[in-house]
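Heads up, the next two complexes both have chain A, just with different partners, chain B and then chain C.
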Partner chain A sequence: MSKIVSVHSFRGGTGKSNTTANLAGLLSVDGARVGVVDTDIQSPGIHILFNLDESQMVHSLNDYLWGKCAIKDCAHDVTDHLGAQAKGKVFLIPSSIKAGEIARILREGYDVGLLNDGFRDVVSEMNLDYLLIDTHPGLNEETLLSIAISDALVIIMRPDQQDYQGTAVTVDVARKLDVPKMLMLINKIPQSFDLDDVRHRVEQIYKVKVVATLPHSEEMMALASSGIFSLKYPDHPVTKGLKAVVAELQG
Partner chain B sequence: MRNSDGILSFMPNSSTKKITPLARIMQAVNEVEAGEYKPDLLANLIDQKDDIGQLARVVDTMGRGVAFRYKQLRLLQRVIPIGVALSAEKDFNRLLETLVVEAQGVTHADAGTLYLLEDKVLKFVILRNASLKITMGGTSGNDIAFEPVQLYNKNGSENHANVASYAALKHQKVIVSDAYATSANFDFSGTKSFDQRTGYRSKSFLTIPLEGQDKNVIGVLQLINAQDADTGEIIPFTSDNVLDALVLLASAALDGYIREEKLRAEIAKLQIEINESHRAKQVAEITETAYFKELKDKANELRARGGNKKTN
Partner chain C sequence: MNKEQFERALQELKSGNEDIRPSDVVVFSEPLRSALNQAIRVGRISLTDFLKLLDLDREQGKQIISILVERHLFFISTFTSQVDTFYETRLSASTRPMTRLRPDVWKKVDD
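Showing the complex of A and B:
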């Protein structure tokens, strides 16, 4: 039984793409066939983590939404770009990084239903165990849809006042969509915070299971999205947190 | 100074008989100036009933006083760097331990205990006994196996029976010359059972409350069995300016450390403020639309169908 997992946050800059890429990496190392879709059409970025540059992009999600190709034509095998031995596979469906194409799709909009069908199709055609959706931040039609069709929702939040209110709304809305599994990951936590205290307080207020509290990491900053952190630093506390999320998704 | 043979002589024992009384007094004066006065030099003279005797008595008193002040000054010169080091100490356990070790050093105390006050209870944090070679708490890695001291009795009255809690409640230093003397006003049963178990003989006690900048008691320092510097005999503790200085500096360092920790803990607490009514309103704005209801139905339908299946 395959799983569609949305990785979402109310605001940008929480580490969504990074987390999605890491989850994909870790799942594939365990032997899973993982698809990753960058639905952040406005500001695509996850391709960088997989070292996929413009010259290597054959088709993007934009092409599919414009009816130019089938969804599986957009799936790029990035398993060899992980920098680690994986028993499984990672396929990336990137969003176009050409400014013109981004502007066009934002201007004209797209068929959200078509996007949804695309998710379904790629899971069956590529035989995926997981499809990770790297969503656009905030609550809008596309993100609501992603959440609605997901089997699991990972909500990422930073301990920042600007994130709290919006995340609370997101949690409530997701609950109303009957998402089977919802979990939170608190990211970029300052050194002076007690991680257990953070977990406890967030769970108390949002009534959602907090699977990982990730401390702010200098090494992560230094890596600067040039690779998959958890595969480079298998024993780092941040990696341990990410593995806890993986375990929860696998369970 | 030289005697009649022209030989330098400084040793009182061998040459006291050869030096004239006045010369001896002059020697004593030199020693006083150098801060090295030893009372034996004038011991024979101070009982004399004549002018020499009077002069000897004056110089002797002066000498003892100066020697004492020199000793104090030297100790203070040691205490001030310790105080400075304590304020900079980042390791809490080392801070506590240094406090006790140095206080023992200054008073030649064989044993020392440090309590910290937490919620009306004095908890043992450091325990050291040189003769028994015991170190508990601090950086020793050994847990303290003693019950904490309650400041208040079960009926709410102040616990004056225990010397540490008395010192804390009264903000007063307490000196007990002999814990086993019937005149000792405190309950030393804990001490006595410790002695029985270990074969130790706790005798003289000095119990000092440690105060923070708001004059609140943050802990109690207890020193046990002061030893005479020369004979090693157990003697009572006396009021000591040098110890007072050390306690002041150490208390300031300890208080500073505790305050900083508290502040850090306050800042580090995650403050999540959510406007709940606003939240409910925003949620309703999204979920009470027809679009949302449609979405929800579609989603449930998909799940009911077992939507996300792989084909193979």
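Showing the complex of A and C:
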């Protein structure tokens, strides 16, 4: 049974795309066929983690939304970038990184319903086990749609007062959309913080399971989105946390 | 769904005539919201199951469903048979009003 998973954060800079790419990588290590959709059309970035540059993008999500191609035609096989550890497949559906195309989508908008159709089509046509949706930060119609059709929602936050407030809104909306599984991941926790204490406090506030508390990592910063962290550092505490998220999604 | 819930659901569904957006579903009252959430997540639902979900009789169900069809959340499915009617669900709505510019203007920006 395929699963659609939205990865969301209320604020930007929480490590959403990085986490999505790592979850895809780890799921593929376990043999899964994974699709990743970058719906952050206004500020796309996940393609960097899969080393997909503009010249390799045959079609983007923008082309699908403008009716130029089928969504399957936008899927790029990025499995080779993951190395020999990947036993399954990862397909990335990137958003366009052309300035004019980003401007056009902002100016003209698009029918959110096409995302609805596209997500379902790509899951069935590409025989995916998982479709991971890298959402735009904050709440808008396309993010709500992603949450509404997802089997699981991973909410990412940092231990920051602005994140605390915004995340409360996301959790509230997700509850109203009856997401079957809601998981929380706390990212970029300063080394001086007690991870268990942070987990306990967040679980108390939101009444949502915190599945991973990831410490701020110098190695992650040094990697600078040039690869999939969990595959390069399989024994790192951050990877351990990401594996816990994967285990929850698989369960 | 009791009479009061049914009347409220009808009123909420009739309060607009454009396509039902994800943000509309969030503010619908219970049990309508939960029933629609389930139908949307599954992607297809039979008339019988929808009536059961909301505990509606056929006449009440007809009133609710006709608005859902009018507002393009429900579409009659090709799975419909003589035994039961099936509906596909599709959340819609444009992120911004579609206004058409010259078709080549954005390409020119990229070039």
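Note that in this section the second predicted complex is superposed on the first by the 249 of 251 C-alpha atoms of A that agree within 3 Å, B and C clash if a C-alpha of one lies under 4 Å from a C-alpha of the other, contacts with A are read in each partner's own complex, and residues count from 1 in each chain.
Please note the rule applied: a contact is a pair of C-beta atoms (placed from the backbone, for glycine too) under 8 Å apart; a residue touches a chain by one contact, two chains touch by 3 or more.
Keep in mind the model is a prediction, meaning the values are calculated, not measured.
*Asks:* Kindly say whether there is room for both chain B and chain C on chain A in the superposition, answering fit or clash.
*Replies:* Aligned through their shared chain, the two binders clash on chain A.
*Asks:* More residues of chain A are touched by which chain, chain B or chain C?
*Replies:* Looking at chain A, the partner in contact with more of its residues is B.
*Asks:* Output check: A:E125 vs chain B and chain C. Expected answer is one of first, second, both, neither. What do you get?
*Replies:* first
*Asks:* Between chain B and chain C, whom does A:D151 touch in the aligned arrangement: first, second, both, or neither?
*Replies:* Touch partners of A:D151: chain B and chain C.
*Asks:* Scan A:E142 for contacts with chain B and chain C and give back first, second, both or neither.
*Replies:* second
*Asks:* Counting only touches as set out at the top, which of chain B and chain C does A:G109 meet: first, second, both, neither?
*Replies:* The second partner, chain C, only.
*Asks:* So, A:D77: does it touch chain B (first), chain C (second), both, or neither?
*Replies:* neither
*Asks:* Looking at the overlay, does A:K3 come into contact with chain B only (first), chain C only (second), both, or neither?
*Replies:* first
*Asks:* Report for A:E54: first if it touches chain B alone, second if chain C alone, otherwise both or neither.
*Replies:* A:E54: touches no partner chain.
*Asks:* Which of the two partners, first being chain B and second being chain C, lies in contact with A:L177: first, second, both, or neither?
*Replies:* Both: A:L177 reaches chain B and chain C.
*Asks:* For A:E219 in the superposed arrangement: first (chain B), second (chain C), both or neither?
*Replies:* A:E219: touches no partner chain.
*Asks:* Quick check on the output: what are the common chain A residues between the chain B footprint and the chain C footprint?
*Replies:* Touching chain B and chain C on chain A: residues 120, 141, 144-145, 148-149, 151, 173, 176-178, 180.
*Asks:* Spell out the part of chain A that touches chain C in their complex, as residue ranges.
*Replies:* Per the touch definition, chain A meets chain C at residues 98-101, 103-104, 106-113, 116-117, 120, 140-142, 144-145, 147-151, 173, 176-178, 180.
*Asks:* Give every residue of chain A touching chain B within the complex, in rising order.
*Replies:* 1-4, 120, 123-125, 127-129, 131, 139, 141, 144-145, 148-149, 151, 159, 161, 164-165, 168-169, 172-173, 176-178, 180, 190, 192-194, 197-198, 201-202, 205
*Asks:* Which residues of chain B touch chain A in the complex?
*Replies:* Touch residues, chain B against chain A: 264, 267-270, 272-275, 278-280, 282-283, 286-287, 291-292, 295-296, 298-300, 302-303, 307-312.
*Asks:* Would you mind writing out the residues of chain C in touch with chain A in their complex?
*Replies:* 19, 21-23, 25-26, 33-34, 37-38, 40-41, 43, 90-101, 106-110
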